[in-house]
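Heads up, the next two complexes both have chain A, just with different partners, chain B and then chain C.
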Partner chain A sequence: MSPAQRRIARGAALGLVGAGILVPVAAGLWQTTLTAFGMVPGLSQTGPSLRPWRELVALPGALESLRLSLVTGLSATLLALILSLGLVAALTTARRMRLARQMLAPILAAPHAATAIGLAFLIAPSGWIARLLSPWATGWQVPPDIATVHDRAGLALILGLLVKEVPFLALMALGALSQVPARQQIASARALGMARAEAWARVVLPQVYARIRLPVFVTLAFSLSVVDMAIILGPSTPPTLAVAVTRWLQAPDVMRMMPGAAGALAQLGVMLLAMLIWVTGERALAAVGRALARRGARRSGTGFGLRVAGGLAVLLTVLGLLALMVLALWSVTWRWSFPNALPQQWSLRLWRDGAEGLASTAGATLEIALAATLVALILAIGWLQAEGPRARRLSTLLLLPLLIPQVSFLFGLDIAFLRTGLPEGWVAVVWGHVLYVLPYVMIVLAGPWRAFDRRLEATAAALGAGPVRRLIAVRLPVLLGPLTAAAAVGVAVSVAQYLPTLFLGAGRVATLTTEAVTLSSGPDRRIAAIYALMQAALPWLGFALALGLPALAFRNRRGLRGGVE
Partner chain B sequence: MTGPVLELQDLTIVPTGSGAALFPPLSLRVTPGELVAVMGPSGVGKSTLISAIGGHLDTAFALRGRVRLEGTDITSLPAEARRIGVMFQDALLFPHLSVGDNLAFGLSPEIRGRRQRCAAVEAALDQAGLSGFYERDPATLSGGQRSRAALMRTLLARPKALLLDEPFSGLDAAMRDELRSFVFAHLRRIGIPTLIVSHDPEDAKAGGARIVTLDAGRAR
Partner chain C sequence: MPPFRPLALALAALATALTLRPAMASNWTDTLAAARGQTVYWNAWGGDTRTNAFIRWVGTQTEKRFGVKVVQVKLADTADAVARVVAEKAAGKTQGGSVDLIWINGPNFLSMKRQGLLYGPFVKSLPNAKYVDLSPGAPATTDFTVPVDGFESPWRLARFVFTYDSARVPNPPRTMAALLEWAKAHPGRFTHPDPSNFMGASFLKQALIDLAPDPAALTVPPTEASFRKETAPLWAWYDALRPNLWHRGRSFPANQSVQDRMLADGEVDIAMSFDPASAAAGIADGLMPPSIRVFVPKGGSLGNVSFVAIPFNAAHKAGAEVVANFLLSPQAQAHQQNIDVLGSYSVLDPSQLDKRQRALFAALPTAPALPTRADLGKTLPEPYPSWMTRLTAAWKARYVK
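For the complex of A and B:
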């Protein structure tokens, strides 16, 4: 290949990956917009008109839903950020850091739906906590009549989001922290008369925050528009906007589709508004920080606040682990009546009786996850292999699906599929999952890939190895650790997806997630627990393999061990 | 002496997007078995020159001039087709392969059959004083052992010219002397043109090299 041909090939690879991600997003948003303005030829609606918007405002609870989304999303993100930074600030020793990673990993890997179901079984009036404390401490013989789940203010939803997002942001912050010479800077600040926590808050935190800003916005977008967790834990009359929109768009009455699409666009507006509020807050806080620095203040109370946040984060982590444990308990329960602390009768019968359905659903989930992960890995490797300095800057665009509310474009994407005659179902679902798997695969893989010692490839080339052999025989094996880690993250992300399966599967594709969400509102906690536990088990298995495979392959290669987190 | 000749003709390197060359055009003829040492202040582009000749130039740089090997213009050939061996400061053994498999990676495909290839690798290991090291993890070798293995790997690919980029600077003094005599003895034996980049005049002296000095102002 001549240099010109190589340039064309690289451009084609980058274009293909970019189009695979950006075209669906653009097409989805476009179709949502058309529907939201009443331009739906299939329903003899020829718009453009504002009728869908008037209908949206007239729908019961629409405005309350909007307010609820904004409040729960913003507070969950803000609290998650504070608690995760508090946690990271408290990890001052290598031992604590290792312990934290071990405790956070199972929660981070567990899908949102599974965690939410476990949390509901933990904090509900008839949940495990109430059972553990009753009747000896509370005097309750029957579950009390308090709404601790589905509460109107959305506190349970915020708690659920915190349980999941604090580990995510904490691990991102830990990664960022390793790029900051924190130890020396804290030492200098302490020499200037600042307490350790204060020094961390005032010197290290701003640098860490600047590096995790993108994950923070991902958390914000997610928290504002999450559907599965909001169905399981959030308020129901009215629900958050994303849940309401999902219901309208899935309603048997197709005319609901237009106000639904208007709501989906409104969801995008909510996201933009929240971002605006967030950025304004950032500026204000930065100004306060600068003013403190100029005044030469040695104490501001932020250090103390950070320590409180760290304590709360530990509490939250324990809550998350208990939530996963209670799933395991309920899955092997036969009879467990209130207020017993533990099941009265244990049994594996429901596992046995439901084995067939469970296995087929788990198989379907795994198939989609493996297919989406494989496609995402190939796309990510293709992109990274082809990228130059310019494409490297553009690669942030691949994270776009994470910053746009899912309801805002997935419904439109489904319409786009129908209009262009592409079939809904398995392939569409896999593609929908790739949109979310690829960004995370890139986040995990890009760093190690770009840090790869190019002289190793130069050495291989000097020995006569062409580009294909260099990739397959040198780069990929050396990067086996990051590759398996990226694959495990990909599987975990895919298994957790709810809306892409719902919208693009046209009701024909059932995964552990869609089943778990449905079962969560059912009468039988045992079955819901079994499905939720299976949903969490797939990512756990993935991470175990991701750690085990490179360790096995490189058991005699000291230079490559310890490369996987 | 007959054999391949490495020729540089008006060679210089320009950072892309800038008009200023790193050093004035360099013309040089390295005959078979000859050792030429490229000396010069750090940052002048000695290592970049080596990358350019080997075909490993980063996209941030562009090459001007021609590189000829055995009379053939190889300037636009990809690195893997040039048959120019390279040794960097760190031995850069592939960390995922055993020592022996590292050598086998480079072993010329002209040697066929599992047994013959294995024997060729074992023989090279013997020559490097690494007998019985086939299955060893490269990470467990000493610095000198690693460099010797890397040289044997390079030579097994049967290169027609050799580039050495600060090959001895990562080692302590005693090890450096030992490795120098090892490397130069092998170079005399195979008789191919060799360019060495170094900041240590001892390297050039020990190898009996002709010295070319690169200077931001001029090349002599």
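For the complex of A and C:
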């Protein structure tokens, strides 16, 4: 291949990957916009008109939903950031670090819906915590009449988001921390008279934050627009905007679609507004920090604040682990009434009776997850193989789906599918999942891929191996660890997807996630627990394999085992 | 449960039919022949696992006996199936439609009947319709006061009942006035599902019937004046009740399932259901503590019949008729009434059954939480459908900010 041909091939590869991600996002947003302005020929609506917007404002609770989304999303992100930084600041020894990773991993891998279902069983007035403490400590013979789940302020939703986002941000921050010469800098700061925690807060923290800004924005976008967790834990009358929009878009009355689409665009507006608020806050905080530094202040209380945050983060982690444990407990319960600390009657009957349905749903979930992960891996490898320095900067664009609220474009994407005659269903769902799997696969894979020791390939080339053989026989095997890790993350991300499955599957594709969310408001907590547990088990299995496979393959290759986290 | 003797019974039924109504029998033979090999897409609310299992059982029976398969299309809301038929009609699809049979009731039936979306009348042509009391004014002849006119076939009885935990409520309040007093004495221990949900709206209707000055006014569409007059005592009562509800009446469980879970958890002491067997079924399934019981308001309670209807454009009408007919057979009704299966009371008229058929019902198992038919008292007719719509809207306007 001549250099020119190679350039064209590279350009084509990059273009294909980019188009696969960006075209659906753009097409989805475009169709949502058309619908939001009443341009729906199929319903003999020609528009453009502002009627959908007027209808949106007139829908009961619409403005309250908007306010709720903004408040819960911003507070969850801010708290998650503070708590995760507090946690990371507290990980001063290697032992603590290892323990933290072990405790955070199962929570990080468990999908939001499963965690939310477990958490609801835990914190409800009749939940496990109340059962463990009643009646001996609380005096409650019957559960108290307080709203700890579905509360109107959305506190339970914020808690649920924290349980999931603190581990995410903490692991991101740990990664960032390894790029900062923290030890030396803290030593210098202490020499200047700062306490240890204070030094961490004032010197290390700003550098770590600068490196995790993108994950923070991903968290913000996610928290503002999450649907499954908000259904399970969030307020119900009215719900958050994303839930309300999802309901309107799914209403049997198709005319609701138009105010629904307007709401979907409003969700995008909420996201932009929240980012604006966030960036303004960053600026203000930075100004205050600089002023303090200039005054030479040694004490600002941030050190103490970080310690409190670290303590809360540990508490939150325990809560997350308990939430997953209570799922396991309910799944083998026959009868368990308040205030017994443990079930009165145990049984495996529901596992047995539901085995058939469970197996087929789990199978369908796994098929979609494997397909989406395989496609995403191929796309990621194609991109990474083709990228030069310029494309490397462009690769941030692949993260775009993570920054745009799902409701804002997935509904439009579904319409785009219908308009172009592409079938809804399995293929569409897989593609929808790839949009979310690829960014995470890129995050995991890009670092090790770019850090690959090129001398190995040079040696292979010198021995006469062509580009394909160099990729297959040298690079991929050496990167087996990061590849399996990326695949495990991909499966975990796919298994957790709710809205893409719901919208693009036209209601006909059932996965563990859609079933678990539906069952969470059904009469039988035990079946809901079984589905949620299975939903969490698939990613766990994935990560176990991701750890086990390279260890097995490289059992005689000590030098290659390092790449496995 | 006694073993079925399908062939003998079918022959017996056929023989009776042949001697009594030869013309119809030949029509029915045609229907049976046309139905053989068809697959009936039965669109039915899928939120109840026991009902789903019963529908599966019906499918195995009709396949074995008549070569008709049944596939349940599990609906989240019956209105979805109605919307589909509307959409098919709008698209000019007048035959080969995707919905063969719908489990339907009240407002959805009224809407389909008005728009000419139903096939029929077909009920009288079903051989097993002879077991049902279809005389004028009988429960199976009207659906929420709307005349059925043979466009839907009954299959199970629904009755409004309260469920309660007898361990905490020794003497349940059996009038709406008593319920208010009880709630005042036990604040936070009672609630009802959100009235935008069917069960919540039914609670308001039950209270309306109990409290309305002139219940007869409820059988005709409400006017501005009659609505104001009949609902005035209801709102006065509810204003007094609301502050004593769970969460001080500021939020409500989304549906009956959620409230059932609250009853089981002890978050409330009284819940409600449209299925008198729900307490016994919940106990048998481990979902409810053994102390849950059922009570019916003194003056009787709302009752309605659940029906199945066939859309005008159904692809498998003959198969759908065979399924509707099978649902009315004493065997199917007795199986359905079995508390281990569904526990729904039979829609058949016991006086139309012979001794052996009555024995099928007499042999059914009982459970402590299962009320007898006598316990259930009088069945009050449903108000005209638009009462419910207006009641829900008025409730929202008054209590949701």
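Everything that follows uses one rule, which is that the second predicted complex is superposed on the first by the 564 of 565 C-alpha atoms of A that agree within 3 Å, B and C clash if a C-alpha of one lies under 4 Å from a C-alpha of the other, contacts with A are read in each partner's own complex, and residues count from 1 in each chain.
By our rule, a residue touches a chain if its C-beta (ideal position, glycine included) is under 8 Å from a C-beta of that chain, and two chains touch if they have at least 3 such contacts.
Owing to the predicted nature of the structure, the values given are computational and were not obtained by experimental measurement.
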Superposed partners chain B and chain C on chain A - clash or fit: fit
Touching partner for A:R392 - first (chain B), second (chain C), both, neither: neither
First, second, both or neither for A:A465, with chain B first and chain C second: first
Contacts of A:R7 with chain B and chain C, given as first, second, both or neither: neither
Partner chain in contact with A:A473 - chain B first, chain C second, else both or neither: first
Partner chain in contact with A:N556 - chain B first, chain C second, else both or neither: first
Contacts of A:R96 with chain B and chain C, given as first, second, both or neither: neither
Contacts of A:A147 with chain B and chain C, given as first, second, both or neither: second
Partner chain(s) touched by A:F338 [first = chain B, second = chain C, both, neither]: second
Superposition-derived minimum Cα distance between chain C and chain B (Å): 53
Chain B/chain C common contact set on chain A: none
Residues of chain C touching chain A in the complex: 47, 49, 77, 79-80, 82-83, 168, 187-189, 194, 246-247, 250-252, 254-258, 260-262, 264-267, 269, 282, 285-287, 289, 396, 400
Chain A residues touching chain B - in the complex, by the definition given at the top: 2-3, 388-389, 453-456, 458-467, 470, 473-474, 477-478, 480, 554, 556-560
Residues of chain B touching chain A in the complex: 51, 54-56, 58-59, 76, 78-86, 88, 90, 92, 94-96, 98, 105-106, 108-109, 137-140, 153-154, 157, 159
Complex contacts: residues of chain A adjacent to chain C: 60, 124-126, 142-143, 145, 147, 150, 152, 236-237, 252-254, 333-335, 337-338, 345, 347, 521-526
